[in-house]
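Every chain is named by a letter (A, B, C, D, E and F) in the order it is written, and numbering of its residues begins at 1.
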Amino acid sequence: MRYYTYFPGCSASEGGAKAYNWSAKAVSRVLDVDLAELEDWNCCGSTPSGSVDELGAYCMATRNLALAEKRGLEMVTPCSACYVIFNRTNTYLNGYPPFKAKVNEALAAGNLAYRGTVKVRHLLDILTTDIGYDAIKSRVKKPLAGLKVAPYYGCQVVRPRFGFDDPEYPQSLDKLVLSLGAEPTNFPLKARCCGGSLVLSEEDVALDLIHRLLQSASSNGAECLITVCPLCQTNLDIYQSRVNKKFKTSYRLPVLFFTQLMGIAFGLEEDAIGLRNCIVPIEEVLAKYV
Amino acid sequence: MQLKTRSETFIEEICDIPGGEGIKRCIQCGTCTASCPNADKMDHTPAELIAMARAGMRREVLSSNAMWYCLSCYLCTVRCPRGIKQTGLMHAFESLAMRDGVSYAGSFTPTMYRSFNHFACALGSMPEFGFMTWFYMLSNPLRAWKMIPIALELFRHGRLSIKARRLTPEGTKQLRAILEKAETLGGVT
Amino acid sequence: MAKPKLALYWAAACGGCDVAVLDTNEKILDIASLVDIVFWPIAVDFKYHHVKAMADKSIDLCLFNGAIRSTEQEEIATLLRAKSKVLVAFGACACHGGIPALANFTSRAEILQRVYIEAPSNSNEQKTLPQLQTKVAEGELELPELFDDVKTLAQVVPVEYYVPGCPPPVDLILKLVDLYATGKLPPAGATVASDKSLCDECDRIKEEKKVTKFYRPHEIIPDPKKCLLEQGIICCGPATRGGCGMRCIKANMPCRGCFGPPPGVVDQGAKMLSAIASIYQGNDTAGINRMLEEVVDPAGTFYRFGMADSMLKRKRLQKS
Amino acid sequence: MSFEPKIVGILCNWCSYAGADLAGTSRKKYAPNMRVVRVMCSGRVDPTFVLKAFQKGADGVLVCG
Amino acid sequence: MEPKIGVYVCHCGANIASAVDVAQVTEYASNLPFVVAARDYKFMCSDPGQDLIKNDIKEKGLNRVVVASCSPRLHELTFRHVLENSGLNPYLFEMANIREQCAWVHEDKEKATEKAKALVNAAVRRVYLQEPLEKKEVKVNPCTLIVGAGIAGIQAALEIANAGQKVFLVEREPSIGGNMARLDKTFPTLDCSA
Amino acid sequence: MASVRSNKNIELMTYSEVSDVSGYVGNFKVQIKQKPRYVDISKCTGCGTCQEKCPIKADNEFDAGLGKRKAIYTPFPQAVPNVPVIDTTHCTFFLKSKCRACEKFCEAGAINYEQKEEIVEIEVGNIVVTTGFDSFEPSVIKQFGYGVYDNVVTGIQFERMSNASGPTDGKIVLKDGTAPKSVAILHCIGSRDENYHKYCSRVCCMYSLKFAHLLKEKIHGVTVYQLYIDMRCAGSGYEEFYERLQEEGVNFIRGKAGEITNLAESPEEQGKLMVIVEDTLIRRKLRLPVDMVVLSCALEPRADSERVARVFSLSRKADGFFLEKHPKLDPIATMTDGVFIAGCCQSPKDIPDTVAQASAAAARVLSMISKGSVEIESATAVVDEEHCAGCKVCIDLCSYKAITFDEEKKVSHINEALCKGCGTCVAACPSSAILGKHFTAEQIMSEIEGVLA
């Protein structure tokens, strides 16, 4: 058993990406990974808070890190945005002592202090590095032979460089797909942006980017996509119909969290991994292979 | 055109931000622009924005629309041959613009960010339904109307909860105390 | 002419040095006929007040064994210094601190705690620790105070000669007596032993030293003809003064360094450590870590006899 | 007052001492707490030097080579 | 013989003097044991700078010299020659590196000055213990090894060989030529590279 | 190259590597490992029959993978010596003990499969290291698609194509054999980039200009883009060359490409490579559709430079190139007396500078030879025989093999001519019987006390 502090993030915990949380926990149990949720955590601040009030945003992130530090374990999050925020916070706190002092001054108002020792990792990193492809492969009950999966990394799991996978041409998700018995499709845009939160404020910008992703995935033969980030999943899944409308296309590519695909291969219950939460249904595609 | 509003201290202001000091090293190669998915939408390209900042054009930089189109995809940051953290700079420009009240009015992004931060600070958690409703109402109620089909779809698939996750009362109090204190410390620098 | 006056004293030591004097066997009678023993607590019944009553410099030769670690030992060392013409640091403890000086790796408080409270054989329910003053029916008794630091004799009073060894070998004792008797004593400050390291007199076959693994003496049976260090047994001979007659080496056991450093060496332990590090063949981190594990108790190995006399002196005391 | 450690650096003439010179020629700034003693090779470093430095009040010893 | 030490603190123009209080260091040096002369000068390595040392050796009978200036890797030999030309053994000399490892790397002038003093102190203590050493010379084998037969190696080999000396030209690849042999025309004259 | 062959003072040792250097300035002993060619150099006439007859083909490294060569080959037609080698990783005889075609057809009987590696020892007074550079391998920069897109090539590949004796007989062609109609030349690939090499490689601006010129010369009507950050044309005749290229109609775009893609966004882009770049002078992001992209790659330290540095006791700079004694006052000498460096192993440089530095190195060597003698280290170590107990701890420690054991006196002895004064034995001697002159324990300890006072 491996033990981690678990930070689900807002979207996966009570937001639109609950299925991510469920499936993450379910496959972790299968792989002997203990994800103990950080108690009383708060929103990491994500990109928007940092763009409104930088210091406040860093303080929000650091409160979680300070809480996690007390437990002394590595912290794992399934959300790419949380991952980037925490790692950036750690980098700057540890690289700029006066800044750290300032953040700690604010934290002291809540009787907290942070030394800077919590290593924050993405769930994908934990599962592929610590647990490993062989262990994952050994748990597969329903190999997804023939299923063509476009591994979509998005941006913030590999950028900026926090040492996990290549920032331009990552491989971990591709290998994971292979170890589940499925076939990763060539997907040149696999680490390009889905539009992020600008889907709310600048929908056209985002739809354009989503369109390119769907086009690239489908033209390379993908039957579904998998993602490692709640926002990516939301954009690709929910806005697919709007892309179809705007660009007069007819994509019906299911978009799963990578943990959901693992759950399918592990033979877990559909409800345990929240398959019904997908807007574009996966059942048709799965029916061909499982 | 003559430059009248040169701010001699703008570059120092940026350098004091953690990760901001790299701006001095820029060689204007344009890699950031060439890597940016949204550069075409910006009134000034990312590289130009850096050049303007270095020229002390504080007002022009902060009232630009460029940073509000930043997707935080970090492509510019990993490709920059000088190790400049452009994405971080964009965030810094955004927060300075917010603080100065000069943020670009032609995009809903500032409003969206503010709404998000409002909920994140107040609740310590992000109630997606509340946040989006609030944002659409603030930006343009008509847009909210257009979102209804999506909201219904989400709801049908169990992905939209009216109820939001709450911190414990102690947790909420602690977060508030920290943020209030942070408020008094006057920004990151 | 009156016979020269000889005094012997036993400070912080095991008593082996006094026994070594007796080990001269029948020659002790020669010694006794040559000199008048005026003070030797284990053999002759003189009290401190007898010594105090002597005129200064009235003792011709004083063999002082043991290190100094209490007020009593310090007082007697000062006393004997005043009364003696020639004061000899006799044995490893007097010369370099010896085994007692390993106490410098701890403190008085830790020692008392361990000995009087924690030791499993204790029955000390009141947790009584030694007191400097004790009231008894006859009045108040005073006990000597134990120091934190164990010192060599020379760190307390000036010393003329050193006879090292744990204990000093008989032939060196006889050599000292002979030098004294024939008036051929070297200049003050000299050590009555070899001027080279033990390897000089060691007759084992020595080749280039390349060690890939260190053993403790009980772990292998070494070849009795070959250099022990080359066989991976930490033999302190290279950094130890010769003159002992290879007592340990002949028993197929490594030198532990009781003769102290050879002339010119400032810190015996550090020098030995440097030599060991130089001949070890591991170059990678894993190899070096393994070596560090193989050298069990480096402090006790390299500073077994020389702690008080070393540059380390002692472990840092916790400020109370 | 903050802790100002005294550090003795024992550096090899051919590499790390040259490196320290290079830091100088490139005007890299660092704290003045380290005082350098040059040796012709870090192999010359005898453990007694380290002991000596600590004995004379050093808080740290950097051996580089 | 009683050691008589001279200490010379160099300004190196403004290189040292702007970051270290040279006068203070000189004053400090003059009070160190066995120091009979302590001076500071703009450029110790210049001829007038060297003459300062020569004169003091002659007039004050110095028998040991410390120069606090740049790295010994730069000018140790220069100053050893000064001692030699003044009849002293060149090894009775020590340098304190107050430029590369002090003036150029520290920003706080006061602390840099303190450090410079410590370095001078160390050099003085050391030079006090130094002993004269004998110079040794060996013959030079006239053969030369050149490693790598690209354009640089070929050029060097030809020059030495044309001067009548034996050259061993070693190349890892089956043919000489190196990267140069891969090129066609070369800038800016566009002549061929063979 | 030909003059090297004909110079009787030069003993050429190709296919050889220096494996060990001992000794000191004026008197080095060098071991050279001669790899087996399997061709007897004294018998081979260079007729080339063996290469014609050899049935096995392999990628030609000399052509940067563009062309093919045989398993027995000379890297290029003008090779010196003009004697082939057998590549045992491809030769059927070495892999399966079959074939022997080359042996059969060699009239001179020069093929010898039994050749073994030989170690030759030579003695020299001076050494010049001119080991050159490697070309940066751009496939690690994923966004440029080198190795993914066929028509993204490196500068060296372009050089081989444009070389009349190269794999395409001097024609610049795409993978499909046709001539490109538009080419983008990207500067600073792996240079001036914190992610790869921070330094400027110095020659790329100029060779990129040369490429543009060659393109214009060889392909009528070709469109050429130069994507540069700064044009660095400092050198005799260089700025003039830049001006000439401007007049030849090359498109200069000031900006570094962000990425290269083959994803077309419009019909005109179909089948092209799109170079995405900001023209920083007009502040526009451009998509340039081209047929070929040339990456002007950095010059980097050779992959084995760490090992070479160890063999010759050289130091390396932070960027990995060999460290000169002083960057301005002595860029030819190194910290090891008698070992000089010249050319790109010291830092990237162009041909005129390389030739100048090589000539300077030759002059330094010749001045050493004409002086005839050299002063050696006086600050050596000596054994105090009074105290040496003959424990032999020191014997094996000396990197310069200066310590021997005197079996008669039972003490160690140091050859002061070989001793470099490093002091390792001094520190290791457990009875302090070795004195390190000029770096005695007292002197060093006194200095330590001094810096702490």
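Please note the rule applied: a contact is a pair of C-beta atoms (placed from the backbone, for glycine too) under 8 Å apart; a residue touches a chain by one contact, two chains touch by 3 or more.
Because the structure is predicted, anything quoted here is derived from the model rather than measured.
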Partner chains shared by chain B and chain E (touch criterion as defined above): F
Result of counting contacting C-beta pairs for D-E and C-F, higher pair: C-F
Middle chain, criterion being Cα centroid separation: D
Interchain centroid distance [CA atoms averaged], chain A/chain D, Å: 47
Distance from chain E to chain A - Cα centre to Cα centre, in angstrom: 59
Inter-centroid spacing, chain D versus chain C (mean Cα positions, whole Å): 36
Multi-chain contact residues (two or more partners), chain B: 75, 78
Sequence positions of chain D contacting 2 or more other chains: 18, 25, 35-37, 46, 48, 52
Chain F, residues touching no fewer than two other chains: 143, 379, 397, 424, 427-428, 441, 444, 447-449, 451-452
Full enumeration of touching chain pairs: A-B, A-F, B-F, C-D, C-F, D-E, D-F, E-F
Residue numbers on chain F that touch chain C, as the complex places them: 384, 386-393, 395-397, 410, 424, 427-433, 441
Chain B residues touching chain A - in the complex, by the definition given at the top: 17-19, 37-38, 41, 67, 69, 71-75, 77-78, 85, 87-88, 91-92, 94-95, 98-99, 107-109, 111-114, 116-117, 120-121, 123-128, 132, 135, 139, 150, 153-154, 157-161, 163-165, 167-168, 170-171, 174-175, 177-183, 185-188
Chain B to chain F touching residues, read off their complex: 27-36, 39-40, 44-45, 47-48, 75, 78-83
Interfacial residue positions of chain D with respect to chain F in the complex: 6, 8, 10, 14-15, 18, 22, 25, 35-37, 39-41, 43-46, 48-49, 52-53, 56-58
Contact footprint of chain D on chain C as seen in their complex: 266-267, 270-271, 273-274, 311-312
